[in-house]
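Quick one: structure below, then a few questions.
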Amino acid sequence: MKKFSKASTASKKAFLNYGIVIAFFVIFQSLVSTGNITSALKGQLIPIACYMIMAVSLNLVVGISGELSLGHAGFMSVGAFTAVIVSSAMAGSSDKGSLIVSIIVGALIAAIAGFLIGIPVLRLNGDYLAIVTLAFGEIIKNILNCLYVGIDEKGVHFAFNNPAALAMSAEGKVIINGPMGAVGIRKISTFAAAIILLLIILIIIQNLVNSRTGRAIMAIRDNRIAAESMGLSPMKYKMLAFTVSAAMAGAAGAVYALNYSTLVPKKFDFNTSILVLVFVVLGGIGNMTGSLLAAGVLVVLPELLRKFSDYRMLVYAIVLILVMLVTNNEKLKGKIDTFFKKLRMKISKGGRK
Amino acid sequence: MLVHLINGISLGSIYAIIALGYTMVYGIAKMLNFAHGDVIMIGGYVAFFAMSEGAGLPAPLALLLAIIVCTILGITIERLAYKPLRSATSLAVLITAIGMSYFLQNSALLLWGANPKAFPDMFKNAEAIEFFGAKISPVALVAIFANIVIMVILTLFTTRTKVGKAMRAVSEDKGAATLMGINVNFTISLTFAIGSGLAAVAGVLLCSAYPTLMPTTGSLPGIKAFTAAVFGGIGSIPGAMIGGILLGVIEILARAYISSELADAIVFGVLIVVLIFRPTGLLGKQIHEKV
Amino acid sequence: MSKSPEVKLVNVPSPNFVPEKDLGKPLVLEAAHLGIDFGGLVAVDEFNIGIGATEICGLIGPNGAGKTTIFNLLTKVYEPTRGTIMLGGKDTHNMTPSQVNQMGIARTFQNIRLFDKLTVEENVKIGLHNHIGYHTLAGVFRLPNYWKEEKKDHEKALELLDIFGMADLANVTADSLPYGAQRRLEIVRALATGPKLLLLDEPAAGMNPSETEELMNNIRKIRDEFQIAVLLIEHDMNLVMGICESIVVLNFGRIIAKGTPSQIQGNPQVIEAYLGTHRG
């Protein structure tokens, strides 16, 4: 019996996460259909699901593979702008079909970007790796700022840093306009599609972690030298985690982009990468349930704080610092633990009376 | 060409002064202090209000006031937010530093608004100087000069004085330094104080050279200066100077001759190329794990 | 202490010797003129060794003699400055540590290097990694092959742990094991990679005499059962003299003596290296 207890806790955790996602969908979908939801919150549903994907996929790199990445939003933007182009090129096709193809192509292109960036990045260690991922995130943003794409009857035209080079016919329409970003995007994302994607991504991550490959990734994280001497190639497995994570961010970007009619590259800058990292850290490194909850709560929180609109980001910053202090300082942690223990004892005593 | 080169060295000197703050703090506390860029912004605002009509302080006094405020701010941030996390994971400290950065930016936003302020010209009496036919602004010269002075003083400080040597000892091995009777907490506070004081200098220079002041003024220069510190080899004082100047020159030349849109991408691209060939920066120490 | 009977060492065509029983079988490892410099310092020089197919060989020497450096050279953690390492007749020049492991060398570490946050069973499964036959995608999509191979993997891991009587600790995380058990787990993990040669770096460090005695029996048992060679670094002379068939003594990065335990025990140079020169 004991032999299987480990495996069953892992799958219990996995099913808890699927349950959370499905409950999230059912609750909010019913709120939407009964009209019991503010339009602001309704508009946040697809972004929340996308940020959940971003958080769990970044957790694959930060928590499971143990590398600090500060450029995750870069991969999201690659997926986003790819999806804008693909969906525009498929203007005649059905919404569902266009959405699925856009997500797949967005994920693929982001995976390629992840692989190419991984080659130099994964040779570095620790903080050096972090700063280079940050640099790549900024480079991607800069390059997208210089990207011009148009469509006319002859097909898709690309130009770099020079809108005039698009050379389109009179009927042509510009879909990505440099720093102004994408315009006239087909709004074909749906909440259901975002949730299905999130579930698929959770299944992939959790099955990957609980397999031969996941063990290898974690072994390299825990002790690289020992893992190498056990016949594992660190580069291969780090690259796998990094590329898969980039592809997932790309897929999230695709769904995110096709939820808006316009989108600027600046949306996916360093601050967005940091925001996702905050979800991962607050939810717990390597803890997928935590990532989901943190992403959900922290995307909605500023929305709820809208009454205090001037102070909300300040409150957010203070909460962030306090949470980090409380969860990471041994003394404070000890005090809080004893406080809760006492509280629990009091409650249980009270209950007995 | 010459004028671009000198402007590049000037901008690079500002980066170098900021990078010193990053590099010293990293060397001693092994943390990426993301709030450093926002201390620069605070320094800029303090000098701005000191020189505005209400207060009307002369420029040197305004600078001094900015240095004092930032130094106190730096020590306070360290005491409140970083010191309790001395034994925590580097990721926890990083997130706290990011939280501190948001805190400073949003405090500035609440206090002083989002509208950019036009920073007064500190050198309105000085004229541009001709140098082999290139016109050089006084700010550029002052920045270069300030960088050299700071570098010399810091080098002397860390190699000749007792406190400076203690600083180097703490950055090598905190535990051993404690056993040798060095007050580690004081040394770390001092490092933050120096770094933040330098941030004030950099803030005033930055705002004089690029006279728009906003709550986000410090972010991008902060990230770039941090890049410069990594570029030169984080933890190394001469590395920060070389990294800063190279970065400034590359940025200005890229802006002038390639594309202003892509200048930042080129700067970060050069950083990546350098790290591929020298994984710990130009002057960084190679660390081998003992097996 | 139970002592192995002394075996006869015989010369092979190269300037090495192996136990008589291994004569006629190819050498599992042969290193010639091996050396490495750190900066200007010559850490190891002119290291020559040949290890027979089922030989238990001891590598001893005072602290700082370069014993662990030799393990790091043999497993390619360091690339040698000079000399060649032949594994089963193949030159390991430019191979990575993971390639060398796949060629048949597995090792333990002086400062224990377990995968701390993984369980005991998972640690062993990492050792079995290259012997599990399913693709990453089979794992992600939970194809039948995943279940089949994971089951085999689980049984094999428990079987290996049972050698050291550790099967009941399978679900404990590695960092919560006591010190001696961590050392034993490292040996099991190394064994799981299916080596032809097992390198043990101070396997008895921190163990009490009865644990050491048990370890000696287990090392012998592993050798006999798996028919592999063992090269071990150890300061516990009872263990070294008790189970090694041949011994290599290192001082200042050079071999100062080679031979059977009794030859080494009587060697004046070895005594000098350990005790210093007799003065007066």
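General remarks:
Labels for the chains are A, B and C, by order of writing; each one numbers its residues from 1.
Simple rule for what comes next: a contact is a pair of C-beta atoms (placed from the backbone, for glycine too) under 8 Å apart; a residue touches a chain by one contact, two chains touch by 3 or more.
Since the model is a prediction, treat every value here as computed from it, not as a measurement.
In terms of C-beta pairs in contact, the better-connected of the chain pairs A-B and B-C is A-B. Of all chains displayed, A has the C-alpha centre closest to the centre of the whole protein C-alpha set. Taking the CA centroid of subunit B as reference, the farthest chain centroid is that of C. Centre-to-centre separation of subunit A and subunit C, using mean CA positions: 44 Å. We define each chain's centre as the mean of its Cα atoms; on that basis subunit A and subunit B are separated by 31 Å. Distance between subunit B and subunit C, defined via averaged C-alpha coordinates, is recorded as 51 Å.
The set of subunit B residues touching two or more other chains comprises 291.
Across the assembly, subunit C contributes residues 77, 109 that each touch 2 or more other chains.
The set of subunit A residues touching two or more other chains comprises 225. Within the complex, the subunit C residues that touch subunit B are 68, 72, 77, 109, 111.
Residue ranges on subunit C touching subunit A, taken from their complex, read 75, 77, 96-98, 101-102, 106-107, 109, 113-119, 121-123, 125-127, 129-130, 132, 134, 136, 139-142, 146, 149-150, 153-154, 158, 168, 170-171, 189-190, 193.
By the touch criterion stated above, subunit B contacts subunit A in their complex at residues 26, 32, 81, 84-85, 87-92, 94-96, 98-100, 102-103, 106-107, 109-110, 223, 226-227, 230, 234, 259, 261-262, 264-265, 268-269, 271-272, 275-276, 279-281, 289, 291.
Residues of subunit B touching subunit C in their complex: 290-291. The touching residues of subunit A, when paired with subunit B in their complex, are 62, 68, 120, 123-128, 130-132, 134-136, 138-139, 142-143, 145-146, 161, 178-179, 225, 270, 274, 277-278, 281-282, 285, 310-311, 313-314, 316-318, 320-321, 324-325, 327-332.
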